[in-house]
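So, here come the structures, one by one.
Each of the two complexes below includes chain A, the first together with chain B, the second together with chain C.
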Partner chain A sequence: MLDRLDISLRANHVLFVILFTAAFVFGVMASMTGDRFYLRLATEALILSGLALSIDILLGFTGLLSLGQALFFGVGAYVSALVLREVPSFWLALGAASGASLVAGVVGGLIANRVRGVYFALITFGMAQIVAKIIYNTRSLGASDGLIGIPVVEIPLGFVTLSAGNPLEFFLVVLGGITLIYAGMSYVLSSPFGRVMIALKANEKRVPYLGYSTWAPRMVAYVLAAVIAGTVGGLYPMLRGFVSPELMFFSASGDALIMVIIGGSGTLVGAIWGAILLVAFKSVVGSWTEHHLIIVGLMFMAAVLFMKRGLIGLVKPMIERRLVRIEAAREMRKEGKAP
Partner chain B sequence: MKTKFWVALATTTALAMPALAQDAIRIGVLTPLSGTYAGIGQQVRWGLELAAQEINTSGGILGRPVTLIYEDSQANPAVAMQRAERLFDVENVDFLTGTVSSGVTLAVGELAERSGRLMATTVSFADSITGARCSPNVFRVNARAGQQSVALASWLAAERPDARVFYLGPDYEMGRSTVAAFRSNAEGVGATSVGETFAPLDSADYSQYFGALRSARPDVLYTSVAGNDTVRLFTQLEDFGVRANLTVLGASGTVTSQNIAAIGAAAEGFVTGVGYSTLIDTPEHTAFLESFRAASGGADPDLYGADSYGVLFAYQAAAQMAGTTDTDALREAFRGLTWNTPQGVKTIRAGDHQAMQQMYVVRVEGGEFRIVGNVSAADAIGDDLCERF
Partner chain C sequence: MPDIMDYLQFILAPQMLNGLALGISVVLVALGLTIIFGLLDVINMSHGEFYAVGAFTALALSALGLNYWVLLALVPILLLPVGVLVERYLIRRVYDGGDRHVSTLLLTFGLALVIEDILKIIFGPNTHRPATPLPGATEILGVFIPTYRLALIGIGFVVIAAVALVVYRTRLGAMVRAASYDRNMAASLGVRVGWVYSGAYAFGIALAGLAGVLLAPIYSVFPTMGHDFILLAVTVVIVGGMGSIWGAVVAGISLTQVQAISALIISPVWGDAIIFGVMVVVLMFRPQGIFGRIGHA
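Entry: the complex of A and B
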């Protein structure tokens, strides 16, 4: 028997498969028409979708509002950039970015998880601002100018070596990475531990009565989210060839939050759809008028007011109903066959 | 659905581009049209539009008209890089200009190099752009921080010999580097440094620094704060009586036409070194000033507007000399290029791609800037620190 969480996760998988297929077809077609810009823009959207996904783990499942998630994205990006400037190795840079964000996540989590609710939001916001300010003023890290001079790397995957300089190859690498992150997080959430995380969002006060610690799952969720944000952050300098303190500013965290809300929080896949939508929308509207920020703001307000479960909320119930019917039919067949 | 749309869009632009490129010379303008620096972006826009209009009515460049294609950099390098890629790959621009913050100029310069295109900044001050971090594809037609400091230091040597100088900068990279640049120039002409302090951006209260300032007994104060910070610093200096017997010097951006009215009488006597002043008295400049005011609805050009106006004429001169818009030929033509601007003749130094130009020392008198001195282009330029080419 499947419970509601299983059905919900399966509906997410359906939406993810649609996204993956669409992205794959788009990538191949864009590459065939010789397009560079839209492929690289889509790659950036996928990288940012990792950041959005990490926010969704906190906001949509654990019930923690982080206003400074870009901190870990930035830590990953800076560490990856610094490593790449010395040793142009993809795996070393990515490993260092993950490791650094793990450490940053543990330190940040120990501080932020002492408090709840609005105080948690403010502390995450403050930590990101402090670190961004420090980097903004540190000359050896490029200060306000950021770091440039990051070489194009080769990506050895064992059976084949791809290049971050080739738009299609790097797009596929990032798409693969996001798929792994999505699959990994879906697995964690469907595990008993994941259910404790979700219970925290539903009713944190009751969780201790069921015999579970609330601190540990909250901490693990926070560190997991930090590592995901830092790992995708490590991909950013490989795409753009530079990093700047703006990557950690509130505008970056805020944008990622908007992606989650527009896409639909608590679905994982909604964050990815939201990221693709927002990046595409900002790019098109941004070229069209300089008042694009107003339009994005209005869109965000409309999403909050009229689509409480985000864009995904419009189609997900439909998919869920169908999955329930299929499941019910299967149960019936099973019972019919084994009298 | 969305995928189809993107592919359709990409295909149509890819098909449309070569035909268009034959007709017009496409200049990408990546400048802040929204946010903190939107005021600078507006000046850049006025300057470029006026120049493009004048070039187009007089026959264009190599017989082709000039088209300006704008993208909003939002003064955020992460956004600017993406927008620059769009200009290079989708809009297929021949040349890029308009970048404001030094971080954006440096990052986009690297992209220009990868894309095999040339760019020029008309605004960024950081010395490193045409110094330690120079690029063969990046040019600068405005005066860098070093040129401004040299001009100001030469005035200091003539008017306040053996000055005791106190430095007060905004506490971030730009503030620290402008103070360091002026300090070394001032000490080079015999001034004594008696102290320096850095105040956070957007400080509301500067009086906490006045104790250190007074006890150091300087007769010159150098500051590189900008915008509303200048308004607060100057009015507080006046209110606390610290201003008496003190000559206040500053960076080009400290007192501008944007904040001079708000500072009021406290700006009186302020001296700075700039590459442009609305009081330049030449027939070319008078004509420029008139047409700029007509195009901007009455607003005066500032250094950003004037330098941006000039960059298109540099491009025109280089393209006509090269006879093509091909990157390598154009780069050669730009090196050592001499061309006329409303600010006078400018020359791009081949060694580091920095424009050499006459620098002015201006002073606020009666609420307006007056030119009180100038430094020749050769004296202001400083050493060539670029090692890449």
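Entry: the complex of A and C
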């Protein structure tokens, strides 16, 4: 028998499969028409969707609002850039980015998880500001100019070697990475431990009554989110060839938060859809007016006021109802009362 | 010894006085923020944008020929109805839907984006530099200080004292503190809590607008002028204790002094990092800040 969370996660899977298929078709079509710009833009949207997804793990499932998630994205991006400038190895750079963000996540988690609610939001914000300012003022890290001249890397996948310089190949690598992250997080959330994480959002005071620690799942959620943000951050310099302190500024964290809220928090897949929509919207509207912020702001406010589940919330209930019906029919067949 | 005296007189003292002018301005912005948080439990992310709205309104009205000192009173009054409308029709809608802190923070964050772009549409992205209403400099102990900065410090102190007087010594202030302490009890004693909420939000916005008018002649006026300033104000509110008026005053003045004096010792670019470092440390060990909150202290 499936419970509500299973149904909800399965509905997410349906929406993710649609997204994956659409992205795949888009990638193939774009490369057939010889496009580079939109493929690069879509790759960036997917990379940012990883950052948005990490915010959703905290906000949508564990109930923690992080206003400084770009900190870990930036740590991943800088570490990856520094490694790539010395040794142009894809796996080494990505591993270093993940490792560094793991360490940063543990340190940040120990600091931020001392407090709750709005204080948690402000402390994450403060930490990101401090690190951004330090990098901004450190000459050996490129200061305000950032680091440039990051070489194009080869991506050995065992059976085939792709290149980050080829727009389609790198797009597919990032798409694969996001799929792995999505699948991994879905698995974690459906596990018993993941359910404790979700319970924290529902009612943190009750969780200890059931015999669970509240600190451990909160910490694990925070570190997982940090590692995801850092890992996708590690992909960023491979795409753009440079990193800059702006990656860590509040505007970056704020943009990712907008993606989550407009797409729909608490769904994982909503963050990814939100990232793609926001990047596409900024590129389309940005080409004929520079005043896209007002529309984004209004959409964001509308989502907070009227659509608690974001744009995903408009279609997800329908998919859930359908899944419930399919499941009920299967139960009936199993019991021999087949229609 | 004369070296040290010269240092004190010509370097440290002016630096501290400039720091005080900044501190007073930050306290003015932080006062509104702390009152709104203390009473409504709302982190007003759009506060910096209302500060910019105040500065731009003053700019537009002074182009119509209005006197600066009239604007100082007029702009906050113009912002009052805006604050009431925002509280009534936007913020109030998300009070009771789950986590109030998060939903109101997100809503005002969205509002900030909208206001910023509206300012860009009306006034363009460029920087404006209004004329100083009090040109010239005044000599104090052999150092020349711009007269307007001295006036700013004076006006700022008067406004802060007036706000504290209203909140702590009037019937209206007692109603505000009562509503903050126990909303239901205050309501049952005949306090119109709904109006107190709208009024407090509007009052906070008006203070931000006032700060905008006061600071426009010193710092330039541009649509994103609220960004940098609001970070400092948020830090002041946290360190002082969210909802505490005296906390905001003490934290605002001491933090800007730390920033001003540290700028003499190490490179001034590290000032921001130091300020945020203080904020994180305070949040870690004393999240309620140095002082309690409105009504609770």
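Things worth noting here:
Methods note: the second predicted complex is superposed on the first by the 336 of 339 C-alpha atoms of A that agree within 3 Å, B and C clash if a C-alpha of one lies under 4 Å from a C-alpha of the other, contacts with A are read in each partner's own complex, and residues count from 1 in each chain.
By definition in this document, a residue touches a chain if its C-beta (ideal position, glycine included) is under 8 Å from a C-beta of that chain, and two chains touch if they have at least 3 such contacts.
Computed from a predicted model, the values in this text were never measured in an experiment.
In this superposed model built on chain A, chain B and chain C take up the same space, so to speak, and clash. Of the two partner chains placed by superposition, chain B and chain C are both touched by A:N137.
Once the two complexes are laid over each other on the shared chain, residue contacts for A:A202 go to neither chain B nor chain C.
Applying the stated contact rule after C-alpha superposition, one finds that A:M332 touches neither chain B nor chain C. Residue contacts after overlaying the shared chain place A:A216 against neither chain B nor chain C.
Residue contacts after overlaying the shared chain place A:S287 against chain B, while chain C stays out of touching range.
Looking at the shared chain after the overlay, A:S244 reaches chain B, while chain C stays out of its contact range. By the touch criterion defined above, A:G146 reaches chain B but does not reach chain C. More residues of chain A are in touch with B than with the other of chain B and chain C.
In the superposed pair of complexes, A:L41 makes contact with chain B only, with no contact to chain C. The clash between chain B and chain C in the superposition falls on 205-213, which is one of the stretches 61-69, 205-213, 331-339 or 349-357. Of the residues of chain A, those at positions 136-137, 290-291, 293 touch chain B in one of the two structures and chain C in the other. Interface residues of chain B, counted against chain A in their complex, comprise 2-3, 6-7, 9-11, 14, 33-34, 70-72, 76-79, 81-83, 85-86, 89-90, 101-103, 106-107, 110-111, 114, 126, 128, 133, 171-174, 176.
On chain A, the positions that touch chain C within their shared complex are 59, 63, 65, 111, 114-115, 117-119, 121-123, 126-127, 129-130, 133-134, 136-137, 254, 257, 261, 290-291, 293-294, 296-298, 300-301, 304-305, 308.
Considering their complex, residues 43, 90, 93-94, 97, 99, 101-103, 105-107, 109-114, 116-118, 120-121, 231, 234-235, 238, 267, 269-270, 272-273, 276-277, 279-280, 283-284, 287 of chain C touch chain A.
Chain A makes touch with chain B in their complex at residues 22-23, 25-26, 29-30, 33-38, 40-42, 44, 136-137, 139, 142-146, 148-149, 240-242, 244, 246-247, 251-252, 276-277, 280, 283, 286-287, 290-293.
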